[in-house]
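Labels run A, B, C and D following the written order; every chain starts at residue 1.
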Amino acid sequence: MKTTFGSQNIEVNPSGENFIAVVDGKAVNVQIIRAAHGWMDLLVDGQRVTAYVSSDMAKRWVTLNGGTMMLTKTSGAKQGVRHEHAGGLIAPMPGQIRSVAVSVGEAVKKGQTLLTMEAMKMEIRIQALRDGKVKSVYVSQGQTVEREQILIEMED
Amino acid sequence: MKTTFGSQNIEVNPSGENFIAVVDGKAVNVQIIRAAHGWMDLLVDGQRVTAYVSSDMAKRWVTLNGGTMMLTKTSGAKQGVRHEHAGGLIAPMPGQIRSVAVSVGEAVKKGQTLLTMEAMKMEIRIQALRDGKVKSVYVSQGQTVEREQILIEMED
Amino acid sequence: MFNKILIANRGEIAIRIMRACRELGIQTVAVYSEADKDSLHVQFADEAILLGEAAAKESYLNVEKLIRAALDTQADAIHPGYGFLSENASFAAAVESANLTFIGPSADSIRAMGDKAESKILMKKAGVPTVPGYEGLETYDDFQKAADEIGYPVLVKAAAGGGGKGMRVVHEGSELKEAIELAKREALNAFGDERLLVEKYLADAHHIEIQVFGDQHGNLIHLFERECSVQRRHQKIIEESPSPLLTPEIRARMGEAAVHAAKTVNYFNAGTVEFIFDPKTSQYYFLEMNTRLQVEHPVTELVTGLDLVRWQIRIAAGEEFPFQQEDIHQHGHAIECRVYAEDPANGFLPSTGKLLQFIQPYGPGVRVDSGFTLGSDVTHFYDPLLAKLIVHAENREAAIQRMQTALHDFVVHGVVTNIDFMRAVLTTDDFKQGHVSTRWVETTFNDWSPAKPDLHALIAAALADVIFISGKTQSAVANETDPFNPWKQTGSYRN
Amino acid sequence: MFNKILIANRGEIAIRIMRACRELGIQTVAVYSEADKDSLHVQFADEAILLGEAAAKESYLNVEKLIRAALDTQADAIHPGYGFLSENASFAAAVESANLTFIGPSADSIRAMGDKAESKILMKKAGVPTVPGYEGLETYDDFQKAADEIGYPVLVKAAAGGGGKGMRVVHEGSELKEAIELAKREALNAFGDERLLVEKYLADAHHIEIQVFGDQHGNLIHLFERECSVQRRHQKIIEESPSPLLTPEIRARMGEAAVHAAKTVNYFNAGTVEFIFDPKTSQYYFLEMNTRLQVEHPVTELVTGLDLVRWQIRIAAGEEFPFQQEDIHQHGHAIECRVYAEDPANGFLPSTGKLLQFIQPYGPGVRVDSGFTLGSDVTHFYDPLLAKLIVHAENREAAIQRMQTALHDFVVHGVVTNIDFMRAVLTTDDFKQGHVSTRWVETTFNDWSPAKPDLHALIAAALADVIFISGKTQSAVANETDPFNPWKQTGSYRN
């Protein structure tokens, strides 16, 4: 399986009971000693490596030797932001509301843009995940929002 | 859903967002406050009850107010003992081997009795879970075995 | 003794207080906002009362709702924790008016120490050393004269508050005017009061504070010092006791000064007298008194062997504090690291998210006071303190080694934390030698950044995809179909 | 100092020792049997070496394999923990012969104290009080005369060993013959040595032991006592320090006697001198010396503030123990409860299984030394000690309250434990008042049984089926298809 984290490519494939990881054209042998619950004990070219790994969409949190790093998967993963939460559409990151395109009670189609926000110098369109009706709108133009703040609530 | 633990019958059914539990003809209202990972926070007729529950075949481990109890499900569950473990057939409880009916290399059919043991004043038959061949026999007649000790190993 | 206590707080301190209550056989009532309905402190309590919306003024700062919750649940007393209403004299008075016990000092003591300018004047009168400076200045001219007299650099700061708000360092006269205006505006916003005071700015000072403790029968002693000089943005992140700086003589004098300061306002229950300490002159100056339990109280508990929260409760119930000054000794060395959801490489800005991994360290001499668990949500509504990691060992060197090991074992995924940053702090020679002033972090760690992902991290991340989630891109930990998903919530608490 | 230490043990004590190594910057090597390949101590170490089959003689008791493992991994030293080879003089000698350091006393000290009869003779000579009795008896006639002289009840016990094996209480002359035969047979089986000694049986005695500690430069002091009278089947389950029974004078005298006993055999490193204490007469008698770290060492660590394992390592490396007797004080009160996988309602028989739930308590003053985690297998091959729960508080009353709360919070499913039993022990007036002799458990708790499932338990169990596993009868926790199943193992360790 080929994956890209940031600008770094890695390919991991089974090889007998072990795995071969190829990075920058260099192959390393990886043996899994044990693995459970987001935790792995490996032998990487004979060296013992203990890692905790969690995944959240394209993000990977990895802890090695007590230090934690965050990697972002830029290929091999469906891109996108998770923006449904408890029946509401939530802000994927902190930012500012640029425009709200719908109002309470309005029927919307799957994929229709409900609002746009600006964050990290990008425009983000928040779209309906399915056909439905707008139950509540919690934000207005110009408002700054926090990550995971609920923007709009839908009913089916 | 009707269940029997030991000699005690209980019926639990949904009722709106809550549940009604009926024990000895008496109905109690049960509301789930939150529940996760084998742990539940309940309101039972308005009284808060926090319980940890684990299940292992017919056994239920329940911790309430710091005290742990074991219940055994005697209905509503498929009866039987778990006796496959890491490819081997293991003793469901400590006991003594009464007879070994097969030998290494012998082909056996699913359901065929491989050995009998005596434990807790009962005779227990250890049967093949599927068609296969006996790879190893680790015990002999008269031998005492511990719980979870591997008795016979099979290959498909 | 009380039958039931309402804890008017959240997070680790609410749980810390509830533990003390449980040991004493006292029932506990949690309060919570809508954002906290599944928080650990709500689960930990015997009862829990919803206060209102996430915003603190609708919930944890709402005096009326808190007192009604206490009365409705038939609680006898309210423990305010730290932060929120803990240093609010009106709250303490309102609690007493409702025939409930406020677990803390009297409203009068809180009021006397609450105003930075008033308390400084009070302390000067009582002969407690204070930082050279002036209060009650009005015109720009007044400020200018005062600053010239003190000598630059000077500090202008809000009379009404603390926590670094409305505070400006002024290095030369040309900067004074703008600094005063900015500080006034911040002070007005934060405290509704634009009064400022101006004082000598001690650049390489240490922050050393003395824990005091007293009962309602006139007994008041100190429980030695805490050194709290490792700060970022004027807020403490690492505290320890004993201070690596104090001689026994200075320690004793500072202790006496703190007891004297507290007695001046008829103090009882737990309090902390903060001093600025100049290592060059060994001079110490009264900074302010915190009229409540301090975040860093555990280092004092470990070093003195006293359970401060237990004694807070017993004293509030009218018991005598049975210890004399000579009964209290410092045993070994304790260090606390505050584990925050914040990004040290990005101005220590708070980080929010769901805790995908949360493994707390264990072991001899290791204590974790935590308010979160696997699956908890860290929101932007409140202070991003995840846990306090506290170690106790024979001496400072062993305590640092123990803390390094414990930080190594603390695994948090889902939010950025300061764990790796604190590990870096503990490896420096400055820290090991105890040469850390309150400005040390900003001058030393300005360019700090965490380790970049290396080959092993890349392999672990890629391999995890293969073996744990085999091509699925959804968060595997948060698998919604897993009945034992630790944060799958069924129903919600309506109380 | 050492670069690398091999820990010739398993479970909680292996992890305890590895923690000390990590704090000192020393690499660790675990050893394990096939039954332990996924054990916590294997995961915790820097390296791990498979010794062989589950049977201890093929693994943890195999001297040759252990020394080869240490040499192969270039370890400098071996820590034996407790049990297994920790009191085996030949092992200590073999370690030294291989140019490795044995972290413990000299082989000579171990040998001198290993034989119960020989060590008793040695102590008598040195003037340490011993239980009135006779050694070196041969004919039945000898035994009969000795028993008559001492006066019934008497105790016959194996000269070569301990741990309750080959031990019989004889209440009258008519029982003597059979008791001797049974004890001889047990002693022969357990120790390969049928020699017995006979001594006065003290029915209501307490077990009080003194921790001693010394270096290789002649410094040797004691670290006060541990009271270990709560026992079942001659094995300790609850220990504490200080003893609720001792006066300062008797404490000092027992401490001196213990130091004298240890010096008689040129003792260094950690050791424990066990005494029988008669509360009626306040007389104490030497019982035996354990020439190793004790299971219950944490209570001494908490009360004295010293890290015994750290000092064991430093002393083995040749350092001086820098403390004089007057430097060591007792601070507060510590209690340890041993959490065993065993059934107190069924003769304390060991219970085996997979840990379906394993929640350890947290909190101020709470320490857990654990060798297991969620998903661990508890097998019948080794001692069923799951964890040691140790608390420290200001005084005995607060420590008991703290322990009650911590036991309440300790949740173990999958094996039967003695947690509820220990909670019951802690609620008794006898325990609260410190009136517990070594026979107290068997006389008081003979009929103890855990709480029967009540209505709430029934509801919780039935509801869990509905919401967690909806009709599935397989173990839902052990769901084999869940990639984050905590005990799904992929591959195995081949090292």
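The rule is short, and it goes like this: a residue touches a chain if its C-beta (ideal position, glycine included) is under 8 Å from a C-beta of that chain, and two chains touch if they have at least 3 such contacts.
Quick caveat: nothing in here was measured; it's all calculated off a predicted structure.
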Query - From chain A, the most remote chain by mean C-alpha position - result: D
Requested in this report: Between B-D and B-C, name the chain pair that shares the greater number of C-beta pairs in contact.
Outcome: B-D
Report summary line: Averaging C-alpha coordinates per chain, one finds the centres of chain A and chain C separated by a number of Å equal to 33
Requested in this report: Between chain B and chain C, tell me the centre distance in angstrom, where each centre is the average of that chain's C-alpha atoms.
Outcome: 49
Query raised in the report: Rounded to the nearest whole Å, what is the centre-to-centre distance of chain C and chain D, using the mean of the C-alpha atoms as each centre?
Result: 40
Query raised in the report: Counting only residues that touch at least 2 other chains, which ones in chain C make the list?
Result: 467-469, 476-477, 484, 490
**Report entry** chain A, residues touching no fewer than two other chains
**Finding:** 32, 35, 38
Report task. Enumerate the contact residues on chain B facing chain C in the complex. Result -> 17, 31-38, 41, 48, 50
Report summary line: Per the touch rule, the chain C residues reaching chain A in their complex are 352-354, 356-357, 359, 377, 379-380, 407-414, 416-417, 419-420, 423, 450-469, 471, 473-478
Query raised in the report: Tell me, which parts of chain C touch chain D in their complex?
Result: 16, 19, 22-25, 298, 301, 305-307, 310, 331-332, 360, 362-370, 392-394, 398, 401-402, 404-405, 467-470, 476-477, 479, 482-484, 490
Query - Footprint of chain A on chain D - complex, ascending - result: 38, 43, 46-47, 375, 484-494
Query raised in the report: In their complex, what parts of chain B are in touch with chain D?
Result: 1, 3, 5-6, 8, 10, 12, 19, 21, 23, 28, 30, 32, 35, 38, 40, 42, 44, 49, 51-58, 60-71, 73, 76-78, 82, 146-148
